[in-house]
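In the two complexes that follow, subunit A is the common piece, with subunit B as its partner first and subunit C second.
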Partner chain A sequence: MNTALSVLVDSTLITFVFALAALGLAVVFGLMGVINMGHGAMLTLGAYFTWFATTAGVPFAPSVLLAAVGVGMIGLGLEHFVIRHFYDRPFETLLLTWGFFLITTEIIKIVFGTDLRTVENPLPGAIVFGTVVLPAYKSMVALTSLLILVGLALLLFRTTLGIKIRALVQNAEAASLLGLNIGLTYKMVFVAGAFIAGLAGALISPMLSVDPYIGNIFLVRSFFVVIVGGIGQVLAGTLIGSFLIGGSETLFALFSGQVVAQTIVFALAIVVLRFRPAGILRTR
Partner chain B sequence: MSEKTTTASAAMRLPASMRLYSETTVAVVIFVLLAALPLLVSGYSIYILPQYLLYGMLAMSLGILWGFTGILSFGQAAFFALGAYAMGLAAKWGVTGNPAYVGLLASLVVGAGLAAVVGYFLFSVGVRDVYFVLVTLALSIMVEQITVSQSQITGGYNGMFVPRFSLSFGVGPELDLSSDAAIYYVILPVVAAVYFLLRWLLKCPMGKVLVGIRENEDRVISLGFNTSLFKTAAFALSGAIACLAGALYGVHANFVSPSLAGVLFSTEVVVWVAIGGRESLLGALFGAVGVSALSNYLTAVIPEYWQLVVGIIFVVVIVGFKGGLAGAIGRAFGGEARNGGRE
Partner chain C sequence: MRTKSNLTITTCSRRSVLKNLALGAGLTGVSLAAPGILRSARAEGPIKVGLISPLTGAWTVYGKAHSAGFELGVDEINAAGGVLGRKIEIVVGDSRTEPRIVVEQANRLIRQENVDFLAGTFSSAERNAAGPVVTSANKVLLYPTFYEGQEQEYFPGVCNKNIFMFGPEPTQQVWPHMEHMTKNFGKKFFMIGSDYVWPRVTNKFTKEKLKEVGGEVVGELYIPFNTPQYDSALRQIRESKANIIFHTLTGSDTVNFRKQYVAAGMNKDFVLWTVDDEEVVTSGLGPDVSAGAYVSFDYFMTIKNPNNEAFLKRFRAKFGKDALMNTVGVAMYNAAHMSALAIKKAGKVTTDALRENLKDLSFEMAPQGKVTMRGRDNQMVLPSYLMKVRQGWTGVGDMFEEVQHFDSVTPVDARCKSLPL
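Now for the complex of A and B:
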């Protein structure tokens, strides 16, 4: 009983961490259809910026914000100089964002070196509820992830900007005929995705050791989260996808090793893609 | 789309034999020169060149898939590593007969079989484009993880020893592959044979259907072709070639480790093919040879910046030179119509 409860808690926390890592991709890939293979590099950048700021003496919370803004700015540059010219060519975007990953990783290696870096855990310790032990920092990240999801939901469904973005997703041509500035809206969505990815990388950094490939752990998983959850289902889809990819990995890891668990989850995700190509939430 | 159609029709105005003529000549000359090379030089370059040629074979396995069928795979390294492991296991388990032949056969069967199963599973319901890319990316991660986790079989992170086998031919003495020249003269003909086999295949009706799928799959379907079967066949062929290249690579390097299946190596193949020219097999082959040779040289000179340079070249090629080096050379020498086959 006790183990069952702690596994449940563990899977829930992992689900929210995965949702946070995947959310930037869910925005860029899910809403705009841009295959951002540089998503992992954006997470990595967020982690490194946080490491840089905290070692320079900036407190943790402002460091996270600085990191997210920094990655958002890089996203702006990437969108403005490269991506916006290729919106109608998904293959080229895929390759170009992979090129962004290659270049960014090398620049990170040159600037920050290849050694493992650690960001000090700002909230060590645990919260104890009877028999359940919650790691304090992980819980805080899960809570932040939930808040960002709610914030994004409010933005998309309760504001004029949200209506514009949804109109663009539904029918870009009609939206532009009705006077929507498509280029600017795309740009804002892409930058928002980069900002969220940077934020995620920053928040994840104290949980793992930071190396130039840290984001890649999440790249393929994030894509599967978005695909399994359903393209365009930014909120419910991301959560369900994260639960199926991240939560089930925790469950499988009980019976086999962590590595085997991830292999099983990837295989299952491919099967889901085969039978529900539009994601779990949508019927064909 | 309209731009693509006009260049394609411009290329079609020339008879097919003329367009293919120049690349075949160039290929024959290069292979003959490569065959003569060990007579002139020896030492490190003869040791390392077969490895680059096998990278080139791996690149051709992607070229036929990406450049000619329009299916991009980020998982070619998975097949490459499986081939190398097949050779290692054939030696380790001491299979009956000559383990070298058993391993080579096994690598072909494993490569074609895995690709056919995964390909048909997905292509038959219309999983395509970027979704397929992501599946192949996952495939390469899965193979890497399986080889890491099944360490009692594969040696885990430490990798696995692969011997340089001896080849027997029924008659005459056995050919011991431990000398660099011997293995050079085994690998070079295989790579050349794969090149000419693929060139021949592209001239066949099947090749035309594959190019048709790249240009407009819906139109090929409406002409009555079962495109999922053709795509599965292309992927199986590509998997078999990648696996065979890996098997030979394992023997040549004496070693295989999980990172050979990894995402980074997988996507390096994409970079080679993009830079060499995705729509030319010769471009893919020598894109791989050239980039890895330069890489080897420049890693010693500018270790920190070389990968960055490759990344920048890759982006520049994707943005401005879709045909890669082969396309650029073709345009320089043969004008619009003769640049490495098409476009």
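Now for the complex of A and C:
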């Protein structure tokens, strides 16, 4: 019983951490159809910016914000100078963003070096209820992730901007005929995606080693989250995908080794896609 | 479709023809030049050593000390006039932390660069990849890393007469400290490691000794590389009621696991004993996360002896005052000096001469104190230190405090089909 409860808590926390890591990708992929292979690099940049700011003496919370804004600005540059010229060519954007990933990783190595860096945990310790252990910082990250998801939901479904974005997703041509500035809206979505990716990288950095490959760990998993959840299902899809890819691993690891659990999870993702090719929330 | 497939076939065959031609030409060249001509032409030139280091890729963090140790050794030898009147020249090959690339680099260094012998490779997987290459080309490989010991099953990566082990194996790194650890902290072990050969075989040997002192393993877990979340692992450890966590995770996974372990407040409830986290990784962990952990190796920068002090002075003069050294870098340093000593003793640079003269060779000036290459199984006899990571350390100078040490630990014989190698 106690184990069941602590497994539940663990998998909930992981689900939200994964959702946060994948959300930037889900926004860009789901709303714009741009396959952002540079997502991993954006996470890495977020982590490095946080490391850089905290080492320079900036407190943790402003560092996270700085990192997210910094990555958002880089996203803006990338969108303005490159991506916007290729919106109707998904294959080219895939290659371009992959190029962005490679270049960024090498630049990170040159600028920050390849040594292992650490961002100190700003909320050390854990809250213990009997056998259930809630690591304080991870719980905070999960909560932030939930808040961002709720905020995004409000933005998409309760504001005029949300209506515009959804109109764009449904039918870009019709939306533009009705006077919607497509270029600007795409730009805002892409920058928001980059901002969220930077924020995720920043928030994840105290839990992991900051190295030039930190984003890669999450890149493949994020793609699975988005595809399993269903492209375009930015909120519910991301959550369900995160549970299947992240949370369920904790469940499977109860009965088998970690290696087997990870294999089962990815196999399960493939099975889901076989029978629901458009993601778990969509039937085609 | 048809034309396309035709085209592919044509290119393919053209390519393979070219390749065969090149290979043929290369072979003829070698066989023509082989005995007299080539050797006399090279007599005046430097002795060439192929250095295979993980300079990029996942284990770059370890690569710096790895190559720096060897470079320092070679610099010292050359400054003293070289060996047999010849300088030593290093030809570097980057393994990119991939066994596949190790094979490419080893082949390139041997066939194209005509190196006299090889030094390096980092992980056991890399060494095992280099095994077949050095066997077929009959070249010596000097291997520096702490590793899982030699078992016939993993031939030609181990139990290979051409491969010399300069780092400690479990019966040197783990066994000497088992009694101290179990007596002080309890006999229940939880083993967590990365999922590859080194952690698995190291744990196998550790279990042998643990059984001998009456201990038991209450959990054993192998983690795939690049795992971000350790919640289920931490829960299993918590529920196992273990006394000691025996830790063989590597690279960034070490950092990821240890950060989450400390964040969950578990460092207060368990003793952690790691056989992976030398100066570089412990620096990466930072003082808060690493404090209180037990670490065992043959060498630490904090070791107090005249050899080490002189060594660190030279090392810092060349690589800067903040540069990090570790067991692997020191093994590379010893490998450079000992190969030079062996060549000097032999009076010539051939694989046979190097092999024969490395056997039972001692090196007095090793940073960890006198070391000897055991001839029977090409395994170095080394000291063994158990250290504890100090609370609130500020740098490598005060990172580790000594718990106990043995000046010279003789490992059990390699488990190879036939000894001596």
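Things to note:
To be clear about the criterion, the second predicted complex is superposed on the first by the 279 of 284 C-alpha atoms of A that agree within 3 Å, B and C clash if a C-alpha of one lies under 4 Å from a C-alpha of the other, contacts with A are read in each partner's own complex, and residues count from 1 in each chain.
We take it that contacts are C-beta pairs under 8 Å (C-beta built on N, C-alpha and C of every residue); 3 or more make two chains touch, one makes a residue touch a chain.
Note that the structure is a prediction, hence the values are computed from the model and not measured.
Applying the stated contact rule after C-alpha superposition, one finds that A:Ala269 touches subunit B and leaves subunit C untouched. In the superposition on chain A, contact is made by A:Val17 with subunit C only, not with subunit B. Of the two partner chains, neither subunit B nor subunit C is touched by A:Asn181. Note on subunit A: of its two partners subunit C and subunit B, the one contacting more of its residues is C. By the document's definition of touching, both partners, subunit B and subunit C, reach A:Gly257. When the two complexes are overlaid on their common chain A, residue A:Thr55 makes contact with neither subunit B nor subunit C.
Once the two complexes are laid over each other on the shared chain, residue contacts for A:Thr159 go to neither subunit B nor subunit C.
In the superposition on chain A, A:Thr118 contacts subunit C only, with no contact to subunit B.
When the shared chain is aligned, subunit C comes close enough to touch A:Val7, but subunit B does not. Using the contact criterion defined above for the overlaid structures, shared-chain residue A:Ser209 touches subunit C, although it does not reach subunit B.
Subunit A residues 216, 257, 259, 262 lie at the interface with subunit B in one structure and with subunit C in the other. The touching residues of subunit B, counted against subunit A in their complex, run 72, 118, 121-122, 125-127, 129-131, 133-135, 137-138, 141-142, 145-146, 148-149, 263, 267, 270-271, 274, 304-305, 307-308, 310-312, 314-315, 318-319. On the side of subunit A, the complex with subunit C involves touching residues 3, 6-7, 10-11, 13-14, 17, 114-118, 120-121, 124-126, 128, 131, 133, 135-138, 204, 206-209, 211, 213-214, 216-218, 221, 246, 249-250, 253-254, 257-259, 261-262. Contacts from subunit A toward subunit B in the complex involve residues 35, 82, 90-92, 94-96, 98-100, 102-103, 105-107, 109-110, 216, 220, 223-224, 227, 257, 259-260, 262-263, 266-267, 269-270, 273-275, 277.
Residues 56, 58, 60-61, 195, 221-224, 226-229, 231-236, 238-239, 252, 254-256, 259-260, 262-265, 280-281, 283-286, 288-289 of subunit C touch subunit A in their complex.
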